[in-house]
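What follows is chain A paired twice: with chain B in the first complex and chain C in the second.
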Partner chain A sequence: MPRKPTTRTRANSSNGANSQAKLPKGLKASDLVDYYTRLVQARSLDERIWMLNRLGKVPIAASSQGHEAAQLGSLLAAEKDGDCFLFPYYRDLALKVAAGLSPVQVMMSFMGKAGDPYSHGRQFPLQGADLPHKIIQISNVVAAGLTQSVGYALACRMAGDETVVLVYFGDGATSQGETHEAMNFASIHKLPVIFICENNRYAISTPQSAQMVVEEVASRAASYGFPGFTVDGMDLIQCYEATREAITHARAQGPVLLEMMVKRFMSHTTDDDDRRYRPEGEVERARERDPVITFARTLIEEGMLTQKMVDEIAAETLRSTDEATDVADVSSPPDASNLHDSVYSP
Partner chain B sequence: MAVKSVIEAVREAIREEMERDSKVFVIGEDVGIRGGVFLATQGLAEEFGNNRVIDAPLAEASIMGIALGAAFRGMRPIPEVQFSDFVWPSVNQLIGEAARTCYGTNGAVPVPMVIRMPYGGGIRGGLFHSQNVETHFFHTPGLKVVAPCTPYDAKGLLKSAIRDNNPVVFLEHKKTYRLVRGEVPDEEYTLPIGKADVKRQGSNLTVVSYGLTLHYCLEAAEELAAEGVDVEVLDLRTLSPLDTATILESVKKTGRLAVVHEDNITGGVGAEVAALAAGQAFEYLDAPIARICGPDVPTMPFAQTLEDAYMPTSDKIAEGLRRLAAY
Partner chain C sequence: MSVTIELPHVGESVVEGTIGKWLKKPGDSVKRYEPLVEIITDKVTMEVPSPVEGSLVRVLAQEGETLPMGAPIAEVATADSPDGAEPSAASIEIEGIEGTEAAPAPPGTIGYLLKNVTPVGPTGGAAIENAEPMERSAPPPARRPAAPAPVTAAAPASTTPQSAAIGSTRLSPAVRRLAQEHSIDVSQIRGSGLGGRITRDDVLKFLESGAAAMPAPAPTRQPEGETSADGLEIHVPLTPIRRMIAEAMVRSVSNIPHAWSAVEVDVTGLVALRASVRAEFEQKEGVPLTYLPFVIKAVVEALKQFPTMNATWGETKIILKNRINLGLAVAAPDGLIVPVLHNADHLSIAGLAVGAKDLADRARTKKLTLADVQDGTFTLNNTGALGSYASGPIINYPQAGIMTTETIQKRAVVIPSESGDAIAIRSMMNICLSFDHRINDGSEASGFMAAVKSRLQTMGPGTSIY
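== the complex of A and B ==
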């Protein structure tokens, strides 16, 4: 990846299909089928969680529907690299699910059960830490994770390891001062951090035009002297390739800003109603590029999947979601005596 | 045993812990080449290198956030807030994030980090170089708050804070840095966090304080001794966790309690100490609890007259203790 203080934008595919041609570098067909399966599983859980919210069983959820290709494409690159640490944000449901949680663990977290692997029912779903899968996300204060991720990368360098840190955030978080502070520090010290902006052009209801005057968040990288790229966040393979290159660059030369253009299919959270602020038809048009559909189409065209396999994956993931829902529903919440535990570390 | 200043004790503690544990590092504004504006880190960059004594950009939120992130990875960062007055841009990282990390991860992610802050007034620092910030952190579960007032306590407690697995706000009263000198052992020692210290034994009344005003309390106690009133002076040393046992023991012995601090009176540490005594030693009290504290104005002002009017001096404390003794 060239180190230049300019933005290179890759054009979105005009026909709505995903990247074609042969297998991306470093991947086997089975990797893509595996990730398609994870994508469908994440979507299935995501949809079920909203249903459970309406049934009063899940107090709050932020959906990743429409963001999955960006999250899973970058995760795939991190997983293939093998030495990455992730600082996701609150909309990274698919990322956190696909990183290795079982559907039961996911449902435990959303229902606030004792089996919640992230925080034991203390935090909003899938917030806290999932250290076995190299993930930390502490809070909902956007951009707070950016400076933390930079500090993590600094510590990795001090400890002498080669870890690359991937930190995720929305376009809204780029308005925070800490985004600037994090990028500036990472640049000064050439730290191996990949700043991944999942740009859906909305900060809850506030459109990008009310947050910034630049068209592309990636263009801001120039002011820090590191490369910034805008990629099609609806295209899992393109996100994989961009992240893979970014990992190589980060380890050798320092930070990279990747802006992944995504679509938010759902309201901000289960407590929001986006009909109040989104133009009619916008979500429907966005869904024409739903990665669950377009990725399957690509894999079928490439001969890696058949329609029959796609149907089987859909049925199997739905069965897992059903089972997970049932298991979590009857499992125990944290005991009230836990209230005072872990305020301090021993 | 050598006589040293508070700033020398602080510097020695950092130096020894950096030597002892390669995970310890310092980050802050002007901490490297200059050695800190108060010279707390003087010579450390030369000794340990710029990678372990990091001159940060002038941006407090990121200093705290970066330190916190490094702690996630198992390092033991010591972020310096140049003046406690400058902590506010970083308060989300400190109160919002660091204090909640252990709890919010069910204990999976400890935060071994010491946030050093020169604080307090009496040095003509005005509204933005005199602030007492301790109450905000004292109020926050998940943080420990330490506020020593002698070189011996500063060194022993700072070493313990650096070895602690929790975020510790370490408050150094800037007026004590060179004004207060005392004996510091040559050999290695630490002092436990959470233990108050009786700085003066007495039988007629208890005065609880910390930081600069602890020294003013000792002066006031001498004045009252000449008048036949025997004052016990209790130095909290650690504000959080509060050493409730030592406070109650002293109050039960003397039957009279005054709390003294430079910070604003309303909702301050003294209010909590008073509530503790009222709630758990009520039958032992012979007089209403007295609070001799900073008034409820935003901070100590700049002009000498106004600064003097703000500060709980030894005269003001002596006057308050006389009234308490006479009740």
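== the complex of A and C ==
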């Protein structure tokens, strides 16, 4: 594995050639079309959740808009590997949707209905275990997932299996002490962990410049003695490739830090107003690299999709979102009689 | 059918919103989830989408109006009621709103409050519905019947049961801040919101009216209270302005490390100057000529010389203010208020006299505007008017300093001269300064005081006041 940040360019692969030649290792064209569909579905749900908050039906939401390529690219690598376990964080809606959470389940969870698959409406949306999809999110606490994921990786090692753990966090989490503890411990024991930092350069409202003096979070990996890479988190294929390499490395030699440079399109949460601290035009410029648009363009250019198919996917995913919204909207809130179910009570 | 759109509960302890801008106007068609109106809350400015597809029939809340969450804001006519999907929780239809055509009655007069927002849970935010909806015609029940009514005999006849208890009514942070900025006693405002709640509009209207139409304010200097159980204490409820003053003082003292200094000023020349021009000035300008404009002039010039006194602490930096906006502490009937003389360095002594008089008059008659109390950069307090000889003022946060002028007294003073010291009767005045020791040390503060002193001491008959 190379020791300098990956700087994959698409320029040398933009001329001629059939689509097969451009497919990253281990992927079929249908994989990319499938992931594009999941991406659009996630976006559609994400946008709807925000609107439902503005209608008073969703108490709070953290949007993953702008982070989807990083989340889906790494997920695709994990799926192809087949032996990974994921610890996402609160901004990973797209990851969970793409991993198999249904639109109805998503809406139930965000609206706090009895049908919420995680906690039946008791917890923050999407928090909990989704073991069939090998996903667990411990809590909303920033950086809490890192130490837990390292512990899980240690357990996998002790149990003698081949699992690689992917743990996700934002740039703000890198300022937490737990991040150091987790990385140091993982390094000492050479645990199969991939630390995926979705760096959108804002810790809520604190810009990266006010939070660290280094340009790249990935540079910190050197101090723990494991490799760190910065990749373009707006490029799904690049994130896929980097994660696949990282999985191979992690399984054989120990931790890897992958910093995926993403853009946060929305405010921190529905309770935040980023116009108070982001320069005018920043979000608009960021949206020029919206993965929903750029990934579609790439797939059309490479002959895997047509505009007609893109339109159909948009219509189909919107219909799923509409249906899910309506189903969840009229479904029941948790029944008071089972108040004590699904909660920890010693 | 027609669906009433309510101001949505957006969670996280937000209890009211202000209509920012209607993005659709009556007659426009609107798609489901299409942005309908911009709402400003304490936390965010957001576009609220329409929960249904249809055409906007009428808006029930005007731009700038502040309403509690759950208040009706618009009616949208839908082509048909979708089967099985109605009614949804956030669009409870409210029938029988009458009189909306010509002059929409304020929502509070209708008296329905179908939902309440109460902070719950670890993050303090969730919308809960009242288990039993209130009767629409019934007035909202008094939340805390035990709350003492601060206004009794002097209350205007129009006082409603709700407004009598406003002293203890919760205000939204935005409204509270607005009231604080204007040092308004909200107990004098009649709320037009649901349940008599005071909205931003009410505060603005109160300001515009100058409260001129109000009867004499309740005599707050004769506080009424409850006698304690043992009969040894009287517990006086805080008036809103008392609470605001208390909060402002605590904020200043707990944030700013105050240092204090005082100097004696020989104002014999100034006294003579004022005496020589006073009668003519008052006749010509129609305002009394006090010592205040002379002191302002000296302070303003000294601030020019010591810009770090006209500054604020910016944690990682010191922020120097290019404008000199002098706050003048005024004892208004309800309590202390500090109107601001903007660009005081642009005015002559005569101009300062007129400007200061105007501010003081309007402070006492409650006709100050928002601009009148904003953006002060330094504060002057004439504590001498109260007979004080020296005082330790609390800085008007976040300014760098506050200066007082004390009583002018004739005193026997030793005057050194080459032919031997002599004792003379001079008019003496102390000036006292509290300053933020993070921004300035004693040397700058003393320099500033010396500058004020020397300017005051050089004033005398012949000094131009124009």
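Rule of thumb we're sticking to: the second predicted complex is superposed on the first by the 321 of 346 C-alpha atoms of A that agree within 3 Å, B and C clash if a C-alpha of one lies under 4 Å from a C-alpha of the other, contacts with A are read in each partner's own complex, and residues count from 1 in each chain.
By our rule, a residue touches a chain if its C-beta (ideal position, glycine included) is under 8 Å from a C-beta of that chain, and two chains touch if they have at least 3 such contacts.
Bear in mind that the values here come from a model prediction, so they are computed numbers and not experimental data.
In the superposed model, B is the one of chain B and chain C that contacts more residues of chain A. Judged by the touch definition given at the top, the superposed model places A:Asn184 against chain B, while chain C stays out of reach. In the superposition on chain A, A:Ser30 contacts neither chain B nor chain C.
In the superposition on chain A, A:Asn53 makes contact with chain C only, not with chain B. Residues of chain A that lie in the contact sets of both chain B and chain C are absent, per the superposition on chain A. For chain B in complex with chain A, the touching residues are 25, 51-52, 56-57, 59, 61-62, 64-75, 77, 89, 92-93, 96-97, 100-112, 141-142, 144, 165-166. Those residues of chain A that touch chain B in the complex are listed here as 118-120, 122-123, 127-129, 131, 136, 138-139, 141, 144, 146-156, 158-159, 177-178, 181-182, 184-185, 188, 341-346.
Taken together, the chain C residues at the contact with chain A in this complex read 6, 8-12, 33, 39, 43-49, 51, 69, 84-85, 88-90, 123, 125-127. On the side of chain A, the complex with chain C involves touching residues 48, 51, 53-60, 267, 270-273, 275, 326, 329-330.
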